Amino acid sequence: MKKIAAAVMSVALTMAGGSALAQMAAPAAAPMAGPVDRAKILTAPGVFGNFSTYKVRGDYYKLSATERKGAAAEVLAVVEKHKDKVIVDAYLTRGFEAQSDLWLRVHSYDMAATQAFLVDFRGTRFGMHLDVTENLVGITKALNYITKDKSKDLNAGLTSLTYTDSAPRYAVMIPVKKNADWWNLTAEQRLKEMEVHTVPTLPYLVNVKRKLYHSTGLDDSDFITYFEAADLGAFNNLLIALASVPENRYHVRWGSPTVLGTIQTFENVVKALSY
Amino acid sequence: MKKIAAAVMSVALTMAGGSALAQMAAPAAAPMAGPVDRAKILTAPGVFGNFSTYKVRGDYYKLSATERKGAAAEVLAVVEKHKDKVIVDAYLTRGFEAQSDLWLRVHSYDMAATQAFLVDFRGTRFGMHLDVTENLVGITKALNYITKDKSKDLNAGLTSLTYTDSAPRYAVMIPVKKNADWWNLTAEQRLKEMEVHTVPTLPYLVNVKRKLYHSTGLDDSDFITYFEAADLGAFNNLLIALASVPENRYHVRWGSPTVLGTIQTFENVVKALSY
Amino acid sequence: MKKIAAAVMSVALTMAGGSALAQMAAPAAAPMAGPVDRAKILTAPGVFGNFSTYKVRGDYYKLSATERKGAAAEVLAVVEKHKDKVIVDAYLTRGFEAQSDLWLRVHSYDMAATQAFLVDFRGTRFGMHLDVTENLVGITKALNYITKDKSKDLNAGLTSLTYTDSAPRYAVMIPVKKNADWWNLTAEQRLKEMEVHTVPTLPYLVNVKRKLYHSTGLDDSDFITYFEAADLGAFNNLLIALASVPENRYHVRWGSPTVLGTIQTFENVVKALSY
Amino acid sequence: MKKIAAAVMSVALTMAGGSALAQMAAPAAAPMAGPVDRAKILTAPGVFGNFSTYKVRGDYYKLSATERKGAAAEVLAVVEKHKDKVIVDAYLTRGFEAQSDLWLRVHSYDMAATQAFLVDFRGTRFGMHLDVTENLVGITKALNYITKDKSKDLNAGLTSLTYTDSAPRYAVMIPVKKNADWWNLTAEQRLKEMEVHTVPTLPYLVNVKRKLYHSTGLDDSDFITYFEAADLGAFNNLLIALASVPENRYHVRWGSPTVLGTIQTFENVVKALSY
Amino acid sequence: MKKIAAAVMSVALTMAGGSALAQMAAPAAAPMAGPVDRAKILTAPGVFGNFSTYKVRGDYYKLSATERKGAAAEVLAVVEKHKDKVIVDAYLTRGFEAQSDLWLRVHSYDMAATQAFLVDFRGTRFGMHLDVTENLVGITKALNYITKDKSKDLNAGLTSLTYTDSAPRYAVMIPVKKNADWWNLTAEQRLKEMEVHTVPTLPYLVNVKRKLYHSTGLDDSDFITYFEAADLGAFNNLLIALASVPENRYHVRWGSPTVLGTIQTFENVVKALSY
């Protein structure tokens, strides 16, 4: 009980200061006007990432070819309308996935702005003929474990190599959920696990790009891991390396779905599906 | 056998008194007439909460635009008709969830009154084009573990801070089911677990609102947890905190689905989906 | 091997006598003629219980209002046609369940008679627009564990209290499946578990009615548990009590689905769904 | 390594002899001409059993009554066409199962012949309106464990009693999959488990018929168990007996689905579903 | 920390050399021009294998018979168009599988070329009426465990026997996923497990062909195992042998789905489904 009373005290103090929480997930200041700065939003913490996959319904192909031909332009107009709030990446998954034909990744500084875009997208002729088959949402945060302070050498390793392979042609999204045992480890124990997890990933810095989103409580995963590569063999080896460390024992979801697509312009994705 | 005979005796006595059960889940007295008092029903024990999610079928968009434009008014008329029995909160989930486009939370003092409303809602032009994708029902109860009597300091902590962030824009519903080990703990053991569970939640009293519904036997969950926040990063941190306590080991369902939506008027939700 | 030889012997003897099996699940003698006696069939052992849930397809609402108005009469005619063989209870689940709009419970002394009724029901205008979403079948048996012989005091407890609350307005069906550990317990061990299970249920005899069906091998559950109550708070507390005993550790299925409906006439159920 | 070299040697020798494998699953010699001999094919080893379940789509009932009336004759013509290669058993499951309306069991000496029949069946007016909801395939083998050599007394028990109840009216199919622990037992350990499994089944030889198909690698089960009975209470008791032996602990699938149907002529099944 | 610093060093050195990764999954050099060489692509490492299953939608059978008759030619034209990049194998699964009517296996040296083919295939009249029900992608690699260096005798065993049975008529695809315990074994431990796994498969070299694809991170499996046989009884016995080794304890997915089809020309598969 003493311990709890102290905890309550400490909470009250923290709140008085008001800054502890703010530091934990300080949303990046959203730019005031003009189109979203792609380089900035893709590296800032506090950014919302939204991953949605879609399947084209059979009735889309009962529209006239003329109507289907106009689909891409209509979709691009929606992207244009929202360009001050969101950026959109599109991937063609038909031929790789049973559950989807296309996949969108949307970034914004405001989750509601992402929703506004996606609602408008679904209102297009193309969007009206889609079934959503997966939708995951996450938030970016500053590096958590392998920081300069906590793990100096590995942090140096992470920054010493950069992607040098040819331009990525493929993207993969893999949701991750960890069990209660993981979350009940101490911060030190989790750091140690993540160090062992990180070492075998270093060789792949040159040919697999990656990005992490946090999603506990926002959907039924804890993390959304995102990868880009030109060399799928290297990517396959990276994932085998990640399976071969003790941290893998804490996974209760790793994939389900794993989503693989080719990186394409949104226009080309819509056209590819609009015969 | 002696023990069982005694138990039967004690049961008989309890029933004679007739008050034990009544105390356990005494339904709040329903007001006699006039619209439901929102502030009252949202804080009273013995109130029924009904959570349903819906997906708009593709054929809705084959109606004429005129028909879709009339949808919101028709829905509001149903809300008006039932306003003496139920209150309705609506959330837009399209763009966040694969399994739904909208989500309703309905409160009443009589579960059948909630059903009457929802049956009427489904009879509207809009409702006829919906597929229900989730439906959970629960009942509110007086605070169970962290009461003034059982856990004085923590109870004080819970009441010392209130929501001070900007008006919530997002709501999240997360169903919870616990395993047999949890339910076979003694009341004291469960209290201790809930104290450890509660401590890390205190800092978030200022920026995450929450409400609890009990649902054992009413659906396939034990609890329905409901949250409102403006700051989704803070919400994400709260949920990580709740994952990081031993009580998490007793969860067999936590989410599945996790439902995230923007808080909107029912009218706006229907309009947003009625292009 | 000796033991097996003895077992074979004992089997042969048993079969010679021919009565052991008969005693185990002696089907109640079906009445010769006239409508099924409701009171009798609801208490007899060897009766077949059939639980089916249905969802109305969207195309039902594309029929003319006139056609939908005739639906209830057509359904009642089918009930009338089969009244010498089956009795039917109907429940409205729309608004409570995502997987169904209505739920039927059918009793008969002959499972094929139940099938004949349900096939005819599906042939009505209303039935043709339904999707079956769950179907469980079971058989009633004489009390197994808490009998006068095996557990005298508890048996007395079970019979000393009867339902005294206002007429039940709600019904709940919960399928139950137990794991191999349960079925490998000795009869004595299972009896002890069921005694501990039964004690906390006694207080609820006054406000929750219950009925048990056995279904091992007939569907993917071992039992179908059926409840009726006016007071859903009391029902919720009863189910929490049942979760809080060691027997709960043997459950591999408890719900999935839990089906909750309002008790209504079949006519009203059809009408409520035939706007 | 020595052990492996020896294994390779022994394999080479075995293959040289060429007979070991042949003995393991020697397909029965298929008769040369004329209709399949039902009694023979139902008892021979090396026969392929194919179990498929179907649900009638709603659009079938939008055909004219005349078209539906012709359905049974068209289906029987397909049966006639393939009668030299396959035999077909049909069961009506509507009213018992949510996942199906009818169930077919097809036997042949050549799996491709079964496919040819089922492809033709699906090409009929009736078949075109069906959705397949389950499809399991297996092969019959000579008795494996409870043979005269390995378990003399029990084998005698198995053959000392035969079905004497009235003609079976119901059939049940239950797929079975066992875990790695089971398959890693020695042959002797598995024999012992199967002996304990067999003893409690002996009393039911008189009122439950059964047949076993092996399906490891052919579908997602290891066995397909098939039962026929007139007395469903006896069948329920048999399955409880089978749940109450240690072998049950090795099951990872037992049912899912359990399929129950009435035994009918194919003609009657089609007619019953063609109002 | 020392260990990690060393790891980072070693990574840097490896990358400097640049050859380690290349060796790990060196993609086979794709031929410059002309149709894909079937014999070569089916034995080369670094080749992409794509497995997709399809179900024909009911509306296909509402096209005129003339339109359906033209389907095969249209499909073959797409195969012809892509013949310099991909080879396609087709299998008829109707009658064996509930989840599919046909199954395609596509090989290419470039995953995007496979996608281009499959997107075009879906754009045919036939393809537009298909629902994709499974899609797995993998990559071939050089033999991993049972190599001449690591396991000399077994490697000799693997190469001493070749398929001598009559031409395979059936193909089976079984996805495999292994748990964290497997991937955390040392290479030596995994080699030992694979040796024990391989021994009982040797007798089946003469009547079951097999091929392995690696898929970790590319989809929700680690391996896609592919088999061809004329003798399904022998295949069933092989799979039982593979279930009966300790390595089976590491499987978390083995099948789900298991897909069985007859080996046919693509033309015949389309025709068989185009009545």
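A, B, C, D and E are the chain letters, set down in written order, and residue numbers restart from 1 in every chain.
Just so we're on the same page, contacts are C-beta pairs under 8 Å (C-beta built on N, C-alpha and C of every residue); 3 or more make two chains touch, one makes a residue touch a chain.
Note that the coordinates shown come from a computational prediction; the quantities given were computed from them, not determined experimentally.
Under half of the residue numbers at the interface between copies subunit D and subunit E are found on both sides, making the touching surfaces mostly different. Centres computed as Cα averages put subunit C at a distance of 47 Å from subunit E. Separating the CA-averaged centres of subunit C and subunit D is a span of 29 Å. Multi-chain contact residues of subunit D (touching two or more other chains): none found. Taken together, the touching pairs link the chains into one ring where each has two partners.
If you walk the ring beginning with subunit B and heading to subunit C next, you pass the chains as B, C, D, E, A. Subunit D contributes residues 1, 4-5, 7-8, 11-12, 14-15, 20-21, 24-27, 46, 48, 50, 52-53, 57, 59, 111-112, 114-119, 122-123, 128-129, 131-135, 137, 139, 180-181, 183-184, 214-220, 222 to its touches with subunit E in the complex.
Partner subunit D is touched in their complex by these residues of subunit E: 58, 61, 92, 94-98, 151-154, 156-157, 160-161, 169-170, 172, 174, 195, 199, 202-204, 206-207, 227, 231-240, 243-246, 248-249, 251, 255-258, 260, 262, 272-273, 275.
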